[in-house]
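Here subunit A shows up in two complexes: once beside subunit B, once beside subunit C.
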Partner chain A sequence: MGMDRGDGRNPNQMRPLACSRNLLHRAHGSARWSQGNTIVLAGVYGPKAGTRKGENPELASIEVIWKPKTGQIGKQEKEYEIILRRTLRSICLLTVHPNTTTSVILQVVGDDGALLPCAINASCAALVDAGIPLKHLAVAICCGLTEQGSLILDPTKIEEQAIANLVFPNPPTSVIPKGSSTSAEEPFEHGIITSVTHGAMPVDDYFNCLERGRAACSKISEFFRKSLQSDLPDNASKAS
Partner chain B sequence: MAANSSLEIDGDMEVDAFRRLFPLRYYEHYLGQSVRPDARPLAHARETTISLGPVTSVDGSALVKIGETTMLAAIKLEVMTPAADLPDKGCLAVDFYMPPVCTPNVRPGRPAEAAPVISKQLSDVILSSGMINFEELSLISGKAAWMVYLDIYCLNADGSLFDAALLSAVAAFSHLKVPLVSVNDNGRVTTVTGELLESKSELELVNKERRKLSFKSLPFSLTCLLHDKYILADPTAEEEDIMDTLVTVVVDSLGRLVSLYKAGGVVLANTSTVKDCIALAKRRAAELHNILVESISEMEVD
Partner chain C sequence: MEQRMSSTWRLTVNEKNFIETALLADLRVDGRRPFDYRPLSIKFGREDGSSEVQLGETHVMGYVTSQLVQPYRDRPNEGTLAIYTEFSPMADPTFEAGRPGESAVELGRVIDRGLRESRAVDMESLCVVAGKSVWAVRVDLHILDNGGNLIDAANIAALAALSTFRRPECTVGGEDGQEVIMHPPEVREPIPLTIHHLPVAVTFAFFSEGNILVIDPTYKEEAVMGGRMTATMNMNGDVCAVQKAGGEGVMMSVIMQCLRIASMKAADITSKIKSAVDAYNTERALRNVKRHPSSIAIDVGVSEVAMQEDQVDDLRKDEQILEDKLRASSSGNIGLTGAETSSSRKREKKTGGNNGEPFIGGPSNWDPYPKEISSSYIRSSQALPGPLTLNDEQEVTKAAQKSNLSHVDTAANVSDAPTETITSMNPQTSSPKSLKDAVKKKNRKRR
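So, the complex of A and B:
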């Protein structure tokens, strides 16, 4: 069925993505990620010496500060901070710099739906810009369900009914070709790092969201890699 | 101490010390046989009890224990003017407290970072599942409606806090009886207590009797811990400390998936793991529904 979305996109189409890095010169790493009108600016400072009380000193710790566009900091911001912290912890190599703290500060510049995936993508790009060692990249996407029960990708704020924010890993491309795997295991990119849903949905629709999300994430991964690689020859050393 | 190349427990070291020093290896001995150290099978949740109405000063309350995790939920209703754009709907405010009594990690100057997160998750789940029909909370359209204050106190934090909190909220709502209200001469709507009712018989009552709310569907949740290939249902605080990948699945009595919450973690969940977690959650939801229905009928007998 031809679905008319408010801005004329078809159900499987994402809003235009834009990523620019190295915007803040005082920060060790920074990135700005935008999906249509949803824009998030991420700044990374670290690794700094010392961990917070109660954290394991044998591992690096990640601290996330979320600044909303307007209003005071409340429970919603704390929830985003915790989700982001746990997601970023699982992609960073924590044993490389033990007993250090890396701070990721996020500023919401525009919010038009799919805010959490935009923030995760921005913080990942900022971590790469800062040179923090990562196991692999993480790409995030938001899948929504309309009232009629059909699936749309990257919903805007008005379209947000029942949504699933999904984060998948983006494994490094290997130089050595992988041996053929005869087992029926799913490839690495299919594992879910983070999934946060809002609104009730039938179980099958959730699995459809997963399928569509994985397919769309491979496209976002390509975009990510291209934008990271294009900056490499011109990138001046941060130490200077 | 003899250096062992295999993973056998050294005879000289006490089991307790081994449990503290190498918790993950201690657990892996048991996980291979699909049990936990206290002989609970991996897919089983801890013993759950619900007690309705422990607090008499509020309109609805419930005390829930899942293993050692204890939650006390209390609901108070207050009359308020509804918002201009939603004149027929009541309102809900959810708050989750972790006082220092529940865990040694919380002190008055060091609030738990989990508390606002669980509080937000609870209000999201209760609103998404459509459990409460807000139109039912309206008294006089545009002028008066009920504001529901749900407060949940954690009295003992031993893992699976969200599960226990949600169950206590659902149980408290099942126990809730909407108080009687009357309109006085100035047009103000006030609540009527028992003594007032006996003295003034000409009070005009807006609702005739203390009614219970009706629910479209009840949400129940199950938290699972993922480690390697194992799925541990309903983890204790000790297990949550050692293994960090938690998945919380909330299903409702209509069979819909209300929420699937997985925030990071070392283990990546693939489709088969997600399917298993959802199946475990559905089984647990049926169990919890039975326990809730039993405690409601027990209370009504009294």
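So, the complex of A and C:
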């Protein structure tokens, strides 16, 4: 029963995660996030002067450019750009640098399912690497529904039938032990930033996805924070 | 984006003077000699036909795809090759998305001339049904990081990707003998392209009215240079393409000298590409042999073939792969296997031995006190159980080993059978229980 999935994972298992930062020399921040064979490289250029015409000049604006692995840029890529832009806007502190534009450029290096969550994780890591002020991290995961109706986490491309891409906020208080968090933070921890679904699924299954996704996201965020923290002693030498 | 948005990066006057003065004394800013290339590293992705080339700070990714199309009317029995270059905005703050700029078009044309018009790739073997369907090969080059000399790096990426690309085999069948049946890769092994020769581009930069020339300029030297010339040559000494578009006038004798130097460098780079491709092909063959569905975690990670002479340069990135299995296995339902960390610095020449499974078949290495293993190398080499459900005992053993091996010094790399050394170190570091575990492991996998 547990070996139903093609690559031998059980329904609650994610593919191996890997995150590396500071890969590019010209970009202000860069990160490469891989979940199994889905790999996305994100580059960030920090606040540039000026915003686009329709934007509010009292806030910073985020510009997202999505580069597919092959082929021309079409509607799918534009949709990803819009979703990513809205997600990242909600985690960045937009009032710190008003009337500026931060560019996030994503390059798909490999696509084997769960591409959007991988991209969101990569861009969040790249923003951290660039030092853009953020309210909290955003952790994304993809939950899918098999034909039999059972829930799987992190589906590969062949497993993708009906899927929900979910992005949860990850404030620092969520990793501090329970005693020191104030009650005002509590409702926030149960929030969700973005949810994009493809395919039809029953409502109860969708709520199941949310629960499973949140639980899995706490694991991903642990990994994320660990990989961010262990860089700190090295950063001092890199600054020179 | 309009002009006010694009950040124009300009070299400062001080830097410009410094570079020029240093060149007068035959010195380059990064310590190279005038005719030295930066360290070159060629890596391949999991799929056939995807390559990542790093030339110093310049980073280019190449990806080859193919499709069946109708041939051109004047060449009914030849396939087509098209090269698309993307100057990604992540490479340089001055690159903008949308229409390719001048240098992007120039780069695409130089590589196109070198590859297609010199007939490096055999087009006639790409014909399936003459006049009806042929293979169209498309090479996408993504410039990820502009550290200077994009033409050379992109060219190498294209060559590496084309050398490892395989197209599906298709036969002509059906009732009327005109239908093309494409076989999936599981049924019939895909076929590599026929490449006659490898045209390698070598770029020169001229300074101070053509008197000083250097090879492989960095982006700062490119901002200072007076002129540039790219010579695409192959190992046989044929000149496939020469591009000198404007810039300072240069004497004929200097041009001839450049061509001579280029042919030597081309031979050098060709041998590097070939050995990288050979290593990838061996690893691919190994991978194809072991097709057990539930046992091996081969699919994680890239088959890396680091080619640089200077190892320090490569390790700018810190890669973190955290091994979280213990926590994950104790947390009930959610199993996050394979969230793994290792430190990057020691991960230099990781070849296909990444798989770290005892029966991949490297030389058996019984060396109870190996001086030259880095603990984190071992950590990284065992870090790839992939999407398997590893049993907890294995994890405990490995975790125990890791902590015990933390004293081992780093040094040169180990052979391609790291796990053999690990299992050999087992008896020293852990209790006798671990020997049984080592045996147990094999039993489980045989199931």
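Structure notes:
FYI, the second predicted complex is superposed on the first by the 217 of 240 C-alpha atoms of A that agree within 3 Å, B and C clash if a C-alpha of one lies under 4 Å from a C-alpha of the other, contacts with A are read in each partner's own complex, and residues count from 1 in each chain.
Keep this in mind: contacts are C-beta pairs under 8 Å (C-beta built on N, C-alpha and C of every residue); 3 or more make two chains touch, one makes a residue touch a chain.
The model shown is predicted, which means the values in this text are computed figures rather than measured ones.
Subunit B and subunit C, once both complexes are superposed via subunit A, fit side by side. Of the two partner chains, subunit B is the only one that A:I192 touches; subunit C does not reach it. With both structures placed on the common chain, the touch criterion links A:E58 to neither subunit B nor subunit C. Once chain A of one complex is fitted onto chain A of the other, the partner contacts of A:C19 are limited to subunit C, with no touch recorded for subunit B. Residue contacts after overlaying the shared chain place A:N10 against subunit C, while subunit B stays out of touching range. When the two complexes are overlaid on their common chain A, residue A:G36 makes contact with subunit C while staying clear of subunit B.
Of the two partner chains placed around the shared chain by superposition, subunit B is the only one that A:L210 touches, whereas subunit C remains out of contact.
With both complexes placed on chain A, subunit A has more residues touched by C than by the other of subunit B and subunit C.
Contact with subunit B, but none with subunit C, is seen for A:I83 once the two complexes are overlaid on the shared chain. After superposing the two complexes on their shared chain, the closest approach between C-alpha atoms of subunit B and subunit C is 11 Å. Overlap of the subunit B and subunit C interfaces on subunit A comprises no residues.
Listed in rising order, the residues of subunit C touching subunit A in the complex are 1, 4-5, 7, 45-47, 50, 57, 59, 61, 63, 65, 86, 88-93, 97, 138, 140, 142, 144-147, 219, 293-294, 299-301, 316-322, 324, 327-328, 331, 333-341, 344, 384-389. Against subunit C, the residues of subunit A that register as touching in their complex are 2-3, 5, 7-10, 12-27, 30, 32, 36-37, 41-43, 45, 48-50, 52, 63, 65, 67, 69-70, 101, 103, 105, 107, 109-110, 153, 212, 215-216, 219-220, 222-223, 226-227, 230-231, 234. Remark: subunit A residues 54, 74-76, 78-79, 82-83, 85-90, 162, 164, 169, 186, 188, 190-203, 206-207, 210 touch subunit B in the complex.
Partner subunit A is touched in their complex by these residues of subunit B: 105, 113-114, 116-117, 119-121, 124, 128-130, 251-252, 255-266, 268-272, 274-275, 278.
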